[in-house]
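Labels A, B, C, D, E and F are assigned to the chains in the order they are written; within every chain, residues are numbered from 1.
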Amino acid sequence: MFYHVKELQYRAKPERPDPLFAKQLQEILGGQFGEISVALQYLFQGWNVRGNGKYKDLLMDTGAEELAHIEMLATMIARLLDGAPVGDLEVAAKDPVIGAILGGMNPQHAIVSGLGAMPVDSVGNRWTASYIGASGNLLADFRANLNAESQGRLQAVRLYEATTDRGVKDMLSWLIARDTMHQNQWLAAIYELEAKENVVVPSTFPRELEKQEVSHVLFNYSRGNESATGRWANGPSIDGNGMFSYVENPVPHGKIPVLKPAPPYIHDTLP
Amino acid sequence: MFYHVKELQYRAKPERPDPLFAKQLQEILGGQFGEISVALQYLFQGWNVRGNGKYKDLLMDTGAEELAHIEMLATMIARLLDGAPVGDLEVAAKDPVIGAILGGMNPQHAIVSGLGAMPVDSVGNRWTASYIGASGNLLADFRANLNAESQGRLQAVRLYEATTDRGVKDMLSWLIARDTMHQNQWLAAIYELEAKENVVVPSTFPRELEKQEVSHVLFNYSRGNESATGRWANGPSIDGNGMFSYVENPVPHGKIPVLKPAPPYIHDTLP
Amino acid sequence: MFYHVKELQYRAKPERPDPLFAKQLQEILGGQFGEISVALQYLFQGWNVRGNGKYKDLLMDTGAEELAHIEMLATMIARLLDGAPVGDLEVAAKDPVIGAILGGMNPQHAIVSGLGAMPVDSVGNRWTASYIGASGNLLADFRANLNAESQGRLQAVRLYEATTDRGVKDMLSWLIARDTMHQNQWLAAIYELEAKENVVVPSTFPRELEKQEVSHVLFNYSRGNESATGRWANGPSIDGNGMFSYVENPVPHGKIPVLKPAPPYIHDTLP
Amino acid sequence: MFYHVKELQYRAKPERPDPLFAKQLQEILGGQFGEISVALQYLFQGWNVRGNGKYKDLLMDTGAEELAHIEMLATMIARLLDGAPVGDLEVAAKDPVIGAILGGMNPQHAIVSGLGAMPVDSVGNRWTASYIGASGNLLADFRANLNAESQGRLQAVRLYEATTDRGVKDMLSWLIARDTMHQNQWLAAIYELEAKENVVVPSTFPRELEKQEVSHVLFNYSRGNESATGRWANGPSIDGNGMFSYVENPVPHGKIPVLKPAPPYIHDTLP
Amino acid sequence: MFYHVKELQYRAKPERPDPLFAKQLQEILGGQFGEISVALQYLFQGWNVRGNGKYKDLLMDTGAEELAHIEMLATMIARLLDGAPVGDLEVAAKDPVIGAILGGMNPQHAIVSGLGAMPVDSVGNRWTASYIGASGNLLADFRANLNAESQGRLQAVRLYEATTDRGVKDMLSWLIARDTMHQNQWLAAIYELEAKENVVVPSTFPRELEKQEVSHVLFNYSRGNESATGRWANGPSIDGNGMFSYVENPVPHGKIPVLKPAPPYIHDTLP
Amino acid sequence: MFYHVKELQYRAKPERPDPLFAKQLQEILGGQFGEISVALQYLFQGWNVRGNGKYKDLLMDTGAEELAHIEMLATMIARLLDGAPVGDLEVAAKDPVIGAILGGMNPQHAIVSGLGAMPVDSVGNRWTASYIGASGNLLADFRANLNAESQGRLQAVRLYEATTDRGVKDMLSWLIARDTMHQNQWLAAIYELEAKENVVVPSTFPRELEKQEVSHVLFNYSRGNESATGRWANGPSIDGNGMFSYVENPVPHGKIPVLKPAPPYIHDTLP
């Protein structure tokens, strides 16, 4: 169950409106690695935890925080849109700044949301649950989380570079710090699980059931041997179960498949 | 540039048709973490590499391999669909197996693809590029790859458990082994980059520009202190830049936001 | 900012597992009018409110509650999936119940989420923000909310009819009651705004700027006059600004449009 | 069955081309609440009506009209695109108007549709049936329709404000008037059904089967009591079945859920 | 502008309900090549025609007809859903037909649409405008139309094979005949345009601006020479502008690309 | 199985960066008819071929080539993005070119992909498998392919017109030539199959099972007889099985459908 307070986790006030930056900032609200994605990803992972109370609590702690981040970004975007212009390009073009705004802002910020934030990314794609996952296997999922926080912090940093507004930078420096913590925490949880299980997910599948002869082999399918010099092609495998090797000229292990004709009621092309 | 040979990387021949399993197997062909996802993710990452020839080659080697895995799964699915029945349920229901097949198979395997594999997941969602990413930051992207291989191997293992067909199991044990290698290789690449940079992505953002006072703090937003006992709340942070701490009763750092009224031409509700 | 407690708003415990009903119940979690939709719709509307504190509070109160409903449904679905079978149809078909389960359950509940709830509807479509909206005009948005609660309660009632599990019915009777309240509350808010403004949204557009001669006219574009007898074709209009009328044989008010040829660099068909 | 005449319902001729406005105008053609949405929503509702001839006719009358509105907008957009420029930005930037057009217009209007309208919204999202619904319950559906006409008229009004082109304004003033009628007509139909049934959808579910103790209660899940003063928290409920009440400090009615471990063949994290 | 009559173009009455076939029949209503696709594709092509009155009329004639086909299918599906069961699987499984129905029907037909047709395909994907197109170049578009009618007729034929219901077969034999006509008519229009222009779209691009040395060459990128024996590798090219040739061992014509490093504010991996 | 070489099929080097053109060029990489679409469409068709080795080889030859085209476009786009600016509009607007770039480029090219190509179209829609198909019937599928190559070449030509960069034009003139070949080759294959079967797909459905009385009739559903003069309304039908005819005033062949009421457990509107 959730309780809301109206104070923000951290302030979200720009120095001045900037409808184009409002559009760009949508990326970390409603984009693939935005706050909606991490909020719902952590909450679903938390709800689906079967046992493992420590991890469940961590997921719910962080999921609830990400809801607060959606809120901060929504507030910031609404303020960046304060008084956004509408109007004819012919008229506007006399002022090149207004011309660029009219041409470059997200038109839905005026027409659809009435100067409010939207659950979309920086080009206007609606948020989709295709971005997220919860598998029931926590090592797999914490890797998903580490990835999301890595991509998300990278995007926040790029947005930080793209503005001179001190209010926006102030808020982003908070979000970037939180992403630092979240990368740290998922790493800590990952190391713990990797130590207990193994680095290969899922660790519970009997090794003898996989074709172990190709479990540590790099096949060279792109001509050029630059990859042969990497750690992944030399020495003991990371999972401790074998030695890495490199196959310079990989050949097929299967035959040319020939499919049976379809039955007549399918009306495929006749053979 | 790509060259194709018609031999499969590994054989893909079931003992007998099984249209329901064909539907399920689509998950690792065209699902969120299926072979289309990893193939296109690695290829786009590879094409976008700016410098870093060793990593680029590794990405292209593996991207090309994943194309071969799509091919193996497509072949297997077509064979699992050999002679799939169509027909009236009334008639079919006399044989409960046929009744279950007609009710449970993906109807598009008959109506749309004519007993062929489709770029869809196990419930029929069309594959979408919303599943994948390439950020230009390789540590971020290798984490995306590690996640994809972890989720993908987990799904392949679950499918292995769900069938008794020895031909299907044979092929899955190959794919599972390759996922073992791919987890290993991305881990190796990640460790190398983490050692060179730092574990926090991106490593190039000056630390003093983030709010470092909250860079290593766990806020307890879900009542209950189970998460306080984890590594992520105690001791030095993983990034080596601070000490983890825990805030049991986090309070807001911002105020209640009040937004300005919209201009009249927006026709929002009057205040 | 949000705080979470782990207790559920109301209990969510079925009498027994039922993987097929788990699939169906996803509709009101992750479907078009499911709990994710109302939660995010109310929260975005609340965050975007410019002034109007009373409505903002109501939106945030209700948005936070809907998050608790997602949680209840996620919990119920995980329990309905407890021990869901996997396996060969040939084997399973000896037991027609298991055969129907294997054919009829959502395969992603086993392969993808590991027996957990997903942000999807009852056929497996991923939740999308295309379902929701927040326009900045509260009368418009409260109508969106009333619609969502009407559709949502209808679906919950249909699901109530489809199960004999007393635990599931118990939880649904809670959710149905809350939908009763939510329909009531949006109606109350709508009546208040309609009384203050007008029933036509937006009320701030000057009436003389619309073609008032067709503002209260029903055109008969589908042959048959059944609709001519309705309230909408007779008597004073609901908005109090005119009289309803009916045009039995509507004719075009515009001409046949003829478009100019495209310029050569567009390479359209030559005229 | 449908018959088409080539005359437009109302004229759709701008004073001059304006490729940026063409992009914006797409919102009410192919956006969430655009004409494709209402056309298909009304037609599907009409086709699915079981009995209720008066409502069916009204739905078909209006659905057919909305097809005519798609046609008007498609015509207007094609004309706004007449002779839209293509070309290098370097060259174009010498004329700031052309620069803003090239940067701001929808590039698919040139590359994909060859200066024609598209089934997309103002940022280029393809229309999706996720926008619409038909439930078989007409009170629910008429509320969906009232919402669509409210959002749609709001968007049309915002677009009216954003142009000085008298031809565009002329057409929009027609569409806005028709939205006035459509809001009126759905309101009339809603009042009729509410009077016959009850305001709560569906009215056919026995009240004693829901948890009536929470059917008229507002829970304060967002700190602050602004919402306590509203009509929705005081006096008789709108449905006439109870009295509104307000719970300032709501507590959970359920326990902390603990899920059973998954079976081994699911390969979740071990407890 | 459109007029509707309530009579169907052709009757749509099954002998008996069949909820599973209702689900399958959705494919040709709301699938990729279903009636919604062809209706909207032809109408958008028609509205965007610039000149060419004969083709415009043909497009509008056919687009209006496809609307009537949506209507027939919606009617048929509603009737196939008459009295569809809901209920517990445990209970239902005593009757294997009911068990298969409950497991195999589209659950949204009960929960969402209340036994009505939906704008979805046979697995429940919502219709999307990503299926359709209108380019302004009629030869291109008529080829799109010919493809749609070919795929659509194929699907209708497969559905015809899958039922023994004489009412369903009766309606399908009408739709199949109309698809015969529509393939014929688009072929006639294509031949006319090909004769006037050339078979290569667009015909207006000066031939000397393309690399003509590879305009008629088949590169053998998939090992094996089966394709070398085809008409496409021998003799005069179809467009009359060259001779087909075959390159057995194609080599790259470009170099290995090396991309410049990204600027620091992008925070890509350091080289 | 696939092998990759790092040399490009043809060079992909612009004279100078142009972030706006990078955005536009995405259309033929990740749009509806872009290279991802044709690559995956041909590969899936090829993998699903049941027999017919000549066609299978042709599909695999061409599918592999299209992968090389994705690669060329990805390379070109990355180079067009070299050093793309980020920054404040206020600052940028002093230089109208930079202002237009910031307003007009795809913001995800900076924030998300770090100056790399993305699997999206020119407005940022993610690529989706809804664009493609493989039916098992090769005549149907080759028509799909001919359509894709026609639309794709048209788009490439329009992009050629929109740039003065000689490097971009050089690469496009290669791709346009390849599209010329691909249209030629699918035409050759189509003619071969049409000669062997018949022009109507599928040719294997017994003609007497369709309503042949309407197999060659054009119904005039859009008032105006322009279409009556076309080849499709006069003379022998293209399939050689009848004579085209024209019905000026088509009437319904079915009755007004009346649907049965829904059962009570569906809670539709009461009749």
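Just so it is clear, a contact is a pair of C-beta atoms (placed from the backbone, for glycine too) under 8 Å apart; a residue touches a chain by one contact, two chains touch by 3 or more.
None of the values given here were measured: they were computed from a predicted structure.
K.L.:
Without counting chain C, go through the other chains and collect them into connected pieces.
P.N.:
Without chain C, and with every other chain where it sits, the touching chains still make one piece.
K.L.:
Moving only between chains that touch, what is the shortest number of steps from chain C to chain F?
P.N.:
Between chain C and chain F, the shortest chain-hopping route counts 1.
K.L.:
Please identify each chain that touches chain D as well as chain F.
P.N.:
A, B, C, E
K.L.:
Relative to chain A, which chain's C-alpha centre is the most remote?
P.N.:
Chain E.
K.L.:
Taking each chain's centre as the mean of its CA atoms, which one is most distant from chain D?
P.N.:
The most distant chain relative to chain D turns out to be B.
K.L.:
Pick the pair with more C-beta contacts: A-C or A-B?
P.N.:
Taking the two pairs in turn, the one with more contacts turns out to be A-B.
K.L.:
How many degrees of rotation bring the Cα atoms of chain E onto the matching Cα atoms of chain F, given to the nearest 5?
P.N.:
180
K.L.:
Express in whole angstrom the distance between the two chain centres, defined as the mean CA positions of chain A and chain E.
P.N.:
Using C-alpha averages as centres, the distance is 33 Å.
K.L.:
Using mean C-alpha positions as chain centres, tell me how far chain B is from chain E in Å, no decimals.
P.N.:
29
K.L.:
Could you say which residues in chain B touch two or more other chains, in rising order?
P.N.:
1-9, 32, 48, 50, 57, 60-61, 63-65, 68, 75, 78, 86, 96, 99-100, 103-104, 110, 112, 114-115, 120, 123-126, 128, 130, 133, 135-137, 139, 154, 157-158, 161-162, 202, 205, 221-222, 224, 252, 259-260, 262, 265-268
K.L.:
Take each protein chain as a node, join two nodes whenever their chains touch, and name the resulting shape: line, ring, star, complete or other.
P.N.:
Graph shape here is complete: every pair of chains touches.
K.L.:
Quick check on the complex: what are the chain F residues that touch chain D?
P.N.:
So the residues of chain F in touch with chain D come to 18, 20-21, 23-24, 27, 31-32, 96-97, 99-101, 103-105, 121-125, 154-155, 158-159, 161-165, 221-224, 252, 258-262, 264, 266-271.
K.L.:
Show me the residue ranges of chain C that touch chain F in the complex, using the header's touch definition.
P.N.:
Answer in residue numbers: 154, 157-158, 161-162, 265-267.
K.L.:
So in the complex, which bits of chain F are touching chain A?
P.N.:
Spelled out, the residues of chain F in touch with chain A are 1-6, 48-52, 55, 86-93, 96, 99-100, 102-104, 106-108, 110-112, 114, 120, 123-126, 135-139, 193, 197, 202, 204-205.
K.L.:
Quick check: in the complex, which residue numbers of chain C touch chain D?
P.N.:
Against chain D, chain C makes touches at 5-13, 32-33, 46, 53-54, 56-58, 60-65, 68, 72, 75, 78-79, 82-83, 86, 110, 114-115, 125, 128, 130-131, 133, 135, 137, 139-140, 143-144, 146-147, 150-151, 153-154, 157, 160, 173-174, 176-178, 180-181, 183-185, 187-189, 191-192, 199-202, 205, 209-222, 224-227, 229-232, 237-239, 244, 252-257, 259-260, 262-263, 265-268.
K.L.:
Can you check the complex and tell me which residues of chain C touch chain A?
P.N.:
Listed in rising order, the residues of chain C that touch chain A are 1-9, 30, 36, 40, 43-44, 47-48, 50, 57, 60-61, 63-65, 67-68, 70-71, 74-75, 78, 112-120, 126-130, 132-137.
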